[in-house]
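Each of the next two complexes has chain A plus one more chain, namely chain B in the first and chain C in the second.
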Partner chain A sequence: MNNFQVRLSAALVVVLLVSLTLLSIRTSHHAEALVVPEVAAKAETVGRSVAGLVGQALAYGIPTDRFIGLDDHLAGIVAANPDLAYIAVLTTDGRPLYSGGTPTGDPGTIIRVAPEELLGLVIEVDIDPAYVRDVVYQLWLDLAIVMVVTALVALELIHISFGIGLYGAIEGVEHRLSALRRGDLREHPSVSAAGAFGQIARRIDDRLAALTARLRDAAKTAAAVADTARAQAIAAIAERFRIGQRVGEAPMSVIAIRAPLFVFMFAEELTRPFLPVYIQGLAAPVPGLSPELVTSLPMVVFLAIVALAQPFLGTVTERAGRRRSLIMGAALGAAGYVATAFAFDLWGLTIARAMTAVGFALVFVAAQGFVIDTTGTAQRAKGMAMFIGAILVAGLCGPPIGGILADRLGMSTAFLIAGGAATASLILARIGLPERAGIGKPSAMIRWRDLGMVLRTPHLVALLVLCALPAKLILVAVAFFLVPLHMEATGQTQAAIGRLLMIYPLAMVLLVPAFASLARGAGQRVRLVALGGMVAGLGALIVLIDPDSVMAIGAVLLCLGLGQAMSIASQSALVGEFGNDLPEPVGEATLYGIFRLVERTGNALGPLVAGTLLGIYGFVPAVVGIGLGVAGGAALFALTAALAPRAGSTPPGAAFEGEAR
Partner chain B sequence: MLRLSLRILPLFAIIVGLAMALGAYMNFSGVRGAHLDLIESRMQLVADDVGTVVEMAVSVGIAAPEQVTLPGLLARQAAADRLIESIDLVGPSGIVLFSSDPARVAGAEAADRHAIAVVDRAIVNDFGVTVARVHVRYDTRRPGQAISGFGQSVLTDAVPISLGALVAGSLAALSILSLLHRRAMRATQPHPGDPLTEAGTEIDAAAGGGGGGR
Partner chain C sequence: MKRRTLLTVGLTGAVAGVMPRPVRSQGGPHRIYRVTFRGRTAVEEGFDDYLAANGIAVEMIDRDIGRDRSLLPGMVEEIRALQPDLVTTWGTTVTLGIAGRYDTGDPDAYIRSIPVVFALVSAPMNSGLVPSLEQPGRNVTGAVHVVPTETQLRAMASYRPFRRLGVLYTPIEQNSVSIVGDLQALSRSMGFELITREFHIDPDGRPTADGVERRIAEIKAAGAEWLYLLPDTFLGTVYDRVVPAALAERLPTFGAAELAVREGGALVALVSRYYSVGQLAASKAAQVLTDGRSPATIPIETLRRFSLIINIDVARELDLYPPIEMLNYAEVLTG
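Moving on to the complex of A and B:
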């Protein structure tokens, strides 16, 4: 992300902060007119209820100083009604006999206790003056999320308004200025766009080129007169300012895929916090299966289709064209979300989810293929980083917004909105993607022979089976299945579940680059993969502290994010390194295809394992069991690596070949 | 720059518009939910009060259908709240045993028209068996009208604020672009602190020549 983007999104956040604050203040003013009369009416009803109780006690002949437990009763009413601050039984001269809550000092609602001519007791009920304000201000957490997500969405879509050419020119100028600030005088890839920024970029390039030519002339002259000291001084200047070197080409054409991919992934991520709960609502008993396992079935079907379809879709999208495949996938996805919204039983829902899964797999593979087609080997890593970035940002934005939408509009409507987002992705693909884009190699199919070769390589098997598969299994099982179901059962709102599910992608977005830069050398990568698996797995044990605590569940998700951020880049790089040990060479694309297949098998197994364990043992044993399994796998992998150490080299770009989720 | 700002405007309009619409709706639905919860909890209090009286009588051996003093209590409670249409005590077979509205007594409880909501409270005897139910039926039309009025007020505020946000956002984006443009223009010419000029001077000095960067 460059400074220009950061400034633009910061400006958007500030504008939205001011606007939404203003709107909330205005709303709280209007809300007073609506809510205060109702609170007053309720206070009167509460007063009458208490007066009736006290009157009844008096009618039974109980003296006014012997109303045992009345203080607790009144305190209970105040505690159960956040709109009320204080309830008291008073004498007519205002002396409190019994009370609950804290008096506000403002005149409250007064109800007389019958028979008043005998005892003259009154009930005072004080309304909480902050109640109306609190109703509006309690929304602030959700509004803050709306602001952050808006800024992130703006960042993802900003190049659409500029167009790729102009966006590339602005980014090119920004890169040049940033390099000049650092005293970096390398030459940059040329900017072809016309317009003010394109011209500026070329003028800066002219200056850099002139300086480079001057340095070369000076070096030539020094060499011609055999002045070593002068030549060394000139070489030192060249080295310090990096004159004569070139900055690598940025894969600008990849940007075209970001918006449709982001919007489609956003649609799927919207459903994360409430999908298991929605399925649970439609699930009917299936003989021989626990209700929890039945609930997991539509998710298993979705993820299994994604896992099984992707190895074949590479070739399919290549033949049909990436653009057309992405458009078809988005259309299928949109139809699937709409069908999900109208599903009335488990089977209908499963078919709808299966349709969405085919769409999802098509979009994913077509987008990935587009990146491969439009980047050369040198740009591949940056291109894949852009691709993964779009998925991660969608994972960050989708769940909280999905939770808010499901809470306020209902889950079916939220599915319809997801369908709308998938349709928007289709439109963006039609507008933004070129008809043909292709400089990359054709994608390779996975053959049984390649699979057999991988299975004969112990290090690779250990990495795939003990680390890659469990990593995806725990992610889907815990974060996307068990946590939403459990939080819903403990009375949390969908919005709260969505906020909670932000923790994992947030940790990933912030920490993956840091850990990726630490992962240098095979030994360090093995340590990071093993340690990451243990952090993610053992972090699940935090649930034992208090399974109903949002903080504890949040800590479990944080450990999951931290652990996977540690391991994800190293894991991808190790696949390439361990691939060098194969008895016969297997293509890099095939190797990573097998890696992805294993990961997606873990994804598909996630809800199945979680549903089975949840049905038999309950939430805590299910989370702890999966966590221990993942940590055990990581420990075993570390042991395998320690007992039979090896050294290898990393193919270029491998660190970005894995998937963020 | 003008052309650039015109290109930014549509995207900002969509993004700011969606964010403000979502924000405004959340404000509206938060207050609407609180308002409806208040009414429902008030009706629940009424149902609980009636329920407590009926349960006390049941516990001393007076069966629900025999509590003949109930209509007076139900009528008083119903009259005390402008939203209450009727308070019914409904037997296990769905027949209205007593009601604040005499026309409803002895009839099977019919499905209510759309603008009526019902709060339900079970009457449980000492053995934990539900022997009757209290139904407080209240009008939802009046709260609905009040909520519509409130929604209108939120919308009236949201439109100008959103337009302001749109203008402010576009101006902010334009000023960011202008700043970048100014800085970039500066970088095309030699200026104090310019690394190109510095490097040029150093090259000339090292080469034994004179002059600065172009």
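Moving on to the complex of A and C:
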């Protein structure tokens, strides 16, 4: 990682967090100041309505000791209004005649009304102090998440706005300085950016150019006077400090992909918390299928298209150009989101989602291809880390923001905003992505022969079928399908669903690097993969404690994140490692292509399995069933590894190409 | 100039020549022949307002029999002569006099083909008007005003829960016998005991109010907590004997007819508003007139929302006040 960039980013984040914290404190004070009178006004309205009823009874001449059922009526009002603790009808001397709830005894919370028609009776309404505290607490929660998300988005914006311009210049200066420190006096590709960093870079370049020119002159002079010793000395110096050579690779043009990729992925992640609920709202009964299964169909279509299209799109985007493909994909995605917003039945929605799926797959593959094209082997891992980082950060920021948008503006508008984000991605790609032909190696297509060979390798099959596929299946089934639907059914807001869905990507972001560094050696990796599957699978059983508790659902998602974080890097590495057992080498690209295809099949199966189980057995058995399946698969994998140890093999190549989730 | 005038005239003539001749459009006013029993009531208000609100233009031919059923055959003749699009009727007497029973009687004496929409027939099947409410199967449909018996009992229980219910009825009124049958079935499903007494029938086979006080005392003695005043035609004529007797026994009365609480002095009643019944009947008429549906396929229905009326003076006398929440939706009659 680049020292200067890290410091710059950290400084920006600190400034941002400090100002956001101050703003949040102010907001919550304001909120308290706003909420309290609001609740007091409502309490008074309730008091007046009770007074109206009691006044009516008095007007009809009903004696005050014959208000039949008034206690129950008042208790019912208290029960229906979480902000109220107690309502009572008092005599003039303050003795309660009728009451519901429990008095707070806190004079600050008490509202009294005594209109004339009550003939001296008084209605007392006590506000529940816990309610105001709860509102402010909820607000703090929202503000904290907005803070984290804002910081992350701000970092992305820094990338976007600095782009290849300023960041390029900063990087250029850094490259030059580190090269000088190593005693490397090669000339660098010029930096076009204006500003201080551009100037510094150009000044260094000028000095290097001057030095090179002087050395060249000296060499010429030496040649002219035929002073061989001098010429040799000069050549040695040139050789040692690499004077006169040029640094080949353009500095980090790969960064250009980050902005459009992040913004597009962000669009899809926005829809995460409410997509299943939206589908459910449009789903019409299909004879022979349960409503839950019908709800899963548009999601299955989306993920199936993404899974099936990706192997082919590698070549397609290569031929059409990565930039053009990405712009195409972003346009398709934008059109798909807008169409989703206006869909009025399940079929329209499915078509809209299919369109988005093609766009999504195009953007994903084109971006991946762009990274491969613009990075050499040395920079590939860093480029891929950036690629994954953009997707993970989008996964972290999208759901909570999407939830808030859906709550405040409605789901259709939230889809339109996703369409806007996809359009922004298109514009960013047009502005920022350099137009150039791919320089990478042609991507490998998966051939049936290779697939057959993989399928005849027991350890590889066990890894793919018992671990890779179930891992993706449980993620999509539980986190993206069952949990949003269930939480909606239990009355949670979209914002709360979005917040909860942050747990998984957050766990991934924080824990993947830690577990990746732990995974040394094949044995350790096998253990991590098996253990991760167990944690993710058995964690689902927490739902049995209380399926309606947000804490329990959060714990399920946390276990899912923890389990996946444990296994994801090791899984990827083991594919390469087990690939060495193949009777004939199929090439790393093909091997990983097959691995991704299996993973994406798991993705597509997720909603299908979840929808079927949900329709027949309900939420808890569906989650538990899928969890047990995943844990069972992991156990079986561990068993196969223990019972049939592989023959020793060479360590694998760098398995950089891990997918974001 | 002259030329232009000529041209103008010529053009006008040409335009006039291609204009379609005015014809009576299909949405034009429908002719409705209306027969009432005792002059205009809220039913007619509701009926007319519904049609006006739905933009259905009608031409009304209003006829009233002034409680004299002998006028009905003449009106059948007049309907035949005028051939209106629809006939509307008020109450069982008028409806039977115009449309006749579905199963017996001289078909020529009644209207058998022009659609008839009634209001305020309490028991269309028991009175032989139609064989089925769901599918009337003939030229008659309409709006029933009776509140379902179970709904009545639930309202009664929410005013004052009960375990024993008294009922006094005329054993020769088929409709009353069938309601008592309903009550017996409900006593099993809702878990209460039904205490029944019948009005005295004199040797001529006519019910009389003789011994009403004794019968009500028996009902009270058997532990009844409510006396249910079911929609019995004879009972409707003797509220002034029945209700004071019940009051004397401190037995609260629950009426199924508006008259029971407004004039008869019952404690409470759950009824259909005449205005709403008129609207419901008009909605049936609209289906016939604008959708061209046959009455034979339009189900006969009752309202789904009813009015609770409480006599607060009676409540005070019995010291039996309504649950205070009822004041939110009940109509309260005060002295």
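Throughout what follows, the second predicted complex is superposed on the first by the 439 of 661 C-alpha atoms of A that agree within 3 Å, B and C clash if a C-alpha of one lies under 4 Å from a C-alpha of the other, contacts with A are read in each partner's own complex, and residues count from 1 in each chain.
Following the convention adopted for this analysis, contacts are C-beta pairs under 8 Å (C-beta built on N, C-alpha and C of every residue); 3 or more make two chains touch, one makes a residue touch a chain.
On a predicted model such as this, the values are computed, not experimentally measured, just so you know.
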Of chain B and chain C, the chain that contacts the larger number of chain A residues: B
Partner chain(s) touched by A:Leu8 [first = chain B, second = chain C, both, neither]: first
Which superposed partner A:Ala31 touches (first chain B, second chain C, both, neither): first
First, second, both or neither for A:Ala320, with chain B first and chain C second: neither
First (chain B), second (chain C), both or neither touched by A:Leu143: first
Contacts of A:Ile351 with chain B and chain C, given as first, second, both or neither: neither
First (chain B), second (chain C), both or neither touched by A:Leu451: neither
First (chain B), second (chain C), both or neither touched by A:Ala233: first
Which of chain B and chain C A:Leu70 touches, first, second, both or neither: second
Touching both chain B and chain C, residues of chain A: none
Complex interface listing, chain B residues touching chain A: 1, 4, 7-12, 15-16, 18-20, 22-31, 34-35, 38-39, 41-42, 45-46, 48-49, 80-81, 146-147, 149-150, 153-154, 157-158, 161-162, 164-165, 168-169, 172-173, 176-177, 180-181, 183-185, 187-188, 194-196, 198-200, 202-204, 206-209, 213-214
Partner chain B, residues of chain A touching it in the complex: 4, 7-8, 11-12, 14-16, 18-20, 22-24, 26-27, 30-31, 33-35, 38-39, 41-42, 45-46, 48-49, 52, 81, 83, 135-136, 138-139, 142-143, 146-147, 150, 153-154, 157-158, 160-163, 166, 170, 173-174, 176-177, 180, 183, 185, 196-197, 200-201, 203-204, 207-208, 210-211, 214-215, 218, 221-222, 230, 233-234, 237, 241, 243, 401, 404, 408
Residues on chain C engaged by chain A in the complex (per definition of touch): 312, 315-316, 319, 321-325, 327-328, 332, 334
Contact set on chain A toward chain C in their complex: 53-54, 56-57, 60-63, 66-70, 73
